[in-house]
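For reference, the structures are reproduced in the following blocks.
The following pair of complexes shares a single chain, chain A, combined with chain B in the former and chain C in the latter.
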Partner chain A sequence: MMHLPVYVSAIIAFVLLAAGSLVLPDWAMFLFAMALAKGLVCLGIVGMMRGGVVSFGQGLYYCLGAYTATLVANSFGVSDIFLLTLISAAVCLAVGLVFGPLLSSYRGIFFAMLSLALSMVLYGTLSKMSFIGGTDGLNIGAPTFLGWAPEGRPLQTALYIYVVAIVVIAGALMRIYFDSEQGLITLAMRDNELRVEYLGASVRHVMTYNYVFGALLGGIGGTIAVLALGHVDPEFAFWTTSGEFVFVAILAGYLSVPAVFVAAIILELVRSFSNLYFPNTWQLALGIFLLIVIVALPGGLGSLIKRSKETDT
Partner chain B sequence: MIKKHITGALGAALLAGGLAGPAAAQDDTFKIGVITFLSGQAAESFGVPAWNGGKLLVDMLNEGGKLPAPYDTKGFGGMNIEVVVIDEAGGATKQVQEFRNLVQREEVDAVVGYVSSGNCLAVPPVADELKAFTILYDCGTPRVFEDGAFEYVFRTAAHATMDNVSLARYLKSRDFDVPSFAGLNQDYAWGQDSWADFTGAMKQLYPDAEVKTALFPKFGAGQYGTEISALLRERPALVHSSNWGGDLQGFLIQATARGLHKRSQVVLAAGDHVIPQLGNKMPDGIFLGARGVNGLAANARGGELKELTDTLWMAYEDEYDTFPVQAPFRMWQALLGLKTAVEKAMADNGGKKPTDEELAAAMKGLSWDAPSGRIEMMLADGHQAIQPNAIGTTKWNEETGKMELVDVEYYAARCVNPPAGIKSADWLAQGFPGAECD
Partner chain C sequence: MDLIATILVDGLIYAGWLFIVSVGLTLVFGVLNILNIAHGSLYAIGAYASASLVGAYFAAGGEAFPFGSYLALILAAVLVAVVLGPLLERGLLRYFYGRDEVLNVLVTYAVFLILEDVMKLIWGVNPYFVYEPYTLLGDVEIGPLFYVGYDFAVIAAAIIVGLAVWLTLNRTQVGKVVLAVIHDAEISQTMGVNVKRIYLGAFMAGAFLAALGGALTAPMISVTPGLGVNVIIVAFAVVIIGGLGSVPGAAIGALMVGISRAASVHLVPEAELFIIYFVMAIVLMFRPEGLFAKTQARKI
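For the complex of A and B:
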């Protein structure tokens, strides 16, 4: 019974977002699909942020997922989006399980730098591998959906619905996880790790979980992004890409799951329009926007929800 | 609570979309989207000069009658040219998104852009998916059309194989003795490919030359102390570099200070664009190319394209107080090619504004004159251009206080570009089959 509201709001969110495929123009549907795919990666960071650590290297899984999908698609001729997502997710899960226990004993800047270092190792390695395109990257063909191979608007719509479905499922599952015992322990770790350990819970254990979930979400996000874009390059693992994910996570705050996706969409919209209207100074426009958000909403977009909740009751 | 915020976001997004309102181009204007680096390392070297040149050309065309025939008609077939400029910085992900926005939101009639090879590989599949006529104006990688085939995508500049083949031919034609050579190239696709092309070409023309060392400092390294020490110690007869921008300036200034250019002949695949910045700090006697008969080499050429070249040269010098290097030349050849294609398509369809299909049909296999020479869409089934190239030697003119290019050798397009139907790597390995040199 306790989780009923999550299911209900998940269904409502899915219906509303899916309805977007009827009204959104082509360009906006693509922008939304990309934003939601990146939002998945950011959701993983938010999961860690709740425990007081921030990964500056989520690009590692975003890139790994994207390259896995591309290499599998190009070498084995697999184009089914479900299969590609599963394979990439499995690879990222495996890598996350290797690095998770290692990173879970670090905190603060050490965790951030170590995760960053890992993603930069992948970046450097891929840049050197000229047989898979080096810094120029690789192309991947359009995905198929269980044998159905749409083109044009139907393809964009199918991709959009696919990412919406995954976002809603992942969002709901993460909400349930956040509200579970483990998830609440994560929140408690943010305040006092020592006390959590004295209560009998293992901080490392919980952190490993959070990290592995982040890896999984990163891989899925990367797979969807590369299938939408049609191209992957090592830039996916570069620190600026990871930094963008961190920014979205900060913009969203750790209080609300939907806020993560709203933040991702807002960032994409602001970037796209500042690019159009200020081609010479779009970075400046983007920077000013970020500053305003950080000054005006230090708790992130999610804090708006919390505030309105407090006034309601 | 989820619902409220999702609707809020959707509303905001729709509002933003509505505000931008697709400014559909009318029949009397031809709208092009231009993508070029306005920030980042490639802005100063390529992006900004390219668009500085492009802006001049668009203004001159819109006024009409400013250029010599056949470009003396107004705009594109009488239509006014309208431009949306987008910064190329930000990586391939962003560029694919911006490309979609240009085509679907701004509803441009053609896209002209891309300096970065990564972007040139990422955009064509999307262009074909959207059936959007696209010109790649600058990027070098041969992979675009050698690994793929696209209906709506054209590259109006020769790919990078030409640059290094010309360098090797220049050495040969000047009877330069090369017992050994070394390379210093940026550690990313451009530098790695250039070095592979140069060694491939040298293997054919100088089979006995020994490769001493191949150095690949990080892109944007800026400091080359250790690399220069290695080059000084190895004493190769020749040092090859395809560095560009700040990396090339840094390398040249640091190498000159330690006398590398006196011990080894320095050859640069794309070095002309740092001459305005370096001035007399650019050492004499460097062999360099400009990825086509561009910049100083075009100015020194004369001939029947002199009037067109002078138009670009003088307008650019008047406006920006410096001479045009390679990038504006490539932007001009792209825009003049687009003009030729639009006008050809309009002649075929009875004077209507051409569709993307009609434009693609007109562009295929087209050839036209540009300040950089005759551009021919010869490769990849009429989608990839070949163009002549030139290599020269730097010489500072004390009297005029300007850098000059002397002993310039001009190479026909078919001499330094592979013929249709063969990959450039194979063409090099097989010893340039089908090359037509004078």
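For the complex of A and C:
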């Protein structure tokens, strides 16, 4: 993996993950699809984390994407997954472009809390809007794929392959972005922002880019999640949902893109099994797990792969 | 006219409650530089502890002197602070001093998750009711409006708490030492201040205030799991509006949030759930570090 070009790694990742559709049982395929969809949202947080800020409100875009897809599907009868993804992504992009420049001058706790406030505004608004379901949320029908309307196992498989494809494409693009000039400036900002500015780069621009990409990824993740679940409610924007995304981002660390999806899958597995075996203490398990990660693995899972490569991070 | 009076009174009651739950948060942040998500859990534990204690008080024949239940409420908060304060601060948080602020938020988020389930293990998932202290003070009539006397006791408690914290910080020797530690912990240490003890004390005071908020709220609500989830986010908003670490800021923040929420409840009920965050977003847009925050030099 070390020195392969991004697109080769991407193709290998796609083949490996897609092969999963042949062997995985239904429940596991659903779990992986949800984990990968959430992983997309977390990838957006990781993009911001590279610059030293953490969004505690990424549920905003996760929820916005999910609601956009649902409302478009229910009001206009659109069921094509490609079209729904595109529309949600466009809406989230637009909202991200409004808030991105505003948030780009905030750092640390203020960035975290302001992003959280925005997501809670959406949560509050949706909870009170009874004509779109209020706190009960909305249902959405099964998606179609360019006119093909599978059911049962083929539907699951198609959805899974779709998520895998999006994840691989988004992952590869983000890797390219991370290694680009802007992406490297983000890393430099983490060390010292003022120096970066004196060197002539615009910190605000880079922060805005990172935020907007996060918005886009969040929207796509939300769309896929709602299509897999068939249901959306305002909880998508609640702060504990965003907290889980941050959890995954911390577990993954900011060094590696695949680590984000591995972390997302680990979280979903832990959640499912704890729900099954000790339903009343799964938050306890999650909290202890989070503490262990913070103490024992401060660079996240990614640092395990990259430790040999990047010696001074 | 009635409407304005109603909004003001409701707003003040809500602001009093908000101040009690958020002043501890701002105090802990000011001294330890940790934005403590587990503050919400301490609030909830305070509510549970007071429900149990007040229940036990009446079970043990407290009917003879029902006002003693107020002492039970405060005692519950003290217990929470004495047991959990040292446990969390000495056992966990002290290993994270000086680390990244956002990382510390995550550490306390982990504590929050753990305590959420610990509460379920201790108190189960069924609701607790302790209505007795709520009805003891009778009703208050303001013009055509009726209010429960207890609500005004909460405002009084908020004023007492605020004055006590402010006077302790600004008019006592201990307070001066705390302010010195806030300013520069390292220099204070070299001047002979026991910084560890100040940290522990500040965290225990914060835990006490969180638990007191919960304890005072318990008689007004049914104490159920998930109590702390919403409280902490509202308290964050208040503290951020006022400027992290500022006690007067928390008071102003609580008033702003309290009155805007009361206004929205009566005028635009749809906006009730998000008005708090809306106020916070507006304030941060004009004062990026909150109303009373100290300006900080950027490090080169």
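Operating definition for what follows: the second predicted complex is superposed on the first by the 303 of 313 C-alpha atoms of A that agree within 3 Å, B and C clash if a C-alpha of one lies under 4 Å from a C-alpha of the other, contacts with A are read in each partner's own complex, and residues count from 1 in each chain.
In this section, a contact is a pair of C-beta atoms (placed from the backbone, for glycine too) under 8 Å apart; a residue touches a chain by one contact, two chains touch by 3 or more.
Quick caveat: nothing in here was measured; it's all calculated off a predicted structure.
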Partner chain in contact with A:Leu16 - chain B first, chain C second, else both or neither: first
Partner chain in contact with A:Ser105 - chain B first, chain C second, else both or neither: second
Per-residue contact with chain A, leading partner among chain C and chain B: B
First (chain B), second (chain C), both or neither touched by A:Asn280: both
Partner chain in contact with A:Ala142 - chain B first, chain C second, else both or neither: first
First, second, both or neither for A:Ser303, with chain B first and chain C second: neither
Chain B versus chain C as contact partner of A:Ser127, first or second or both or neither: both
Which of chain B and chain C A:Ile265 touches, first, second, both or neither: first
Contacts of A:Asp26 with chain B and chain C, given as first, second, both or neither: first
Contacts of A:Met34 with chain B and chain C, given as first, second, both or neither: first
Residues on chain A lying within both footprints (that of chain B and that of chain C): 127-128, 240, 280, 282-283
Residue ranges of chain C in contact with chain A within the complex: 35, 92, 95, 100-103, 105-107, 109-114, 116-118, 120-121, 125, 229, 233, 236-237, 240, 244, 269-278, 280-281, 284-285, 288-289, 298-300
Residue ranges of chain A touching chain B (in the complex, touch as defined): 9-10, 12-13, 16-17, 20, 23-28, 30-32, 34, 127-128, 130, 133-137, 139, 141-142, 151-152, 155, 225, 229-231, 233, 235-236, 238, 240-241, 256-259, 261-262, 265-266, 268-269, 271-273, 275-276, 279-280, 282-283, 305, 309
Chain A to chain C touching residues, read off their complex: 53-54, 56, 102, 105-106, 108-110, 112-114, 116-118, 120-125, 127-129, 192-195, 239-240, 243, 246-247, 250, 280-284, 286-288, 290-291, 294-295
Residue ranges of chain B touching chain A (in the complex, touch as defined): 1-3, 5-10, 12-14, 16-17, 20, 22, 38-39, 84-87, 89, 91-94, 96-98, 100-101, 103-106, 117-118, 121-122, 125-126, 129, 141, 143, 147-148, 187-189, 192, 219
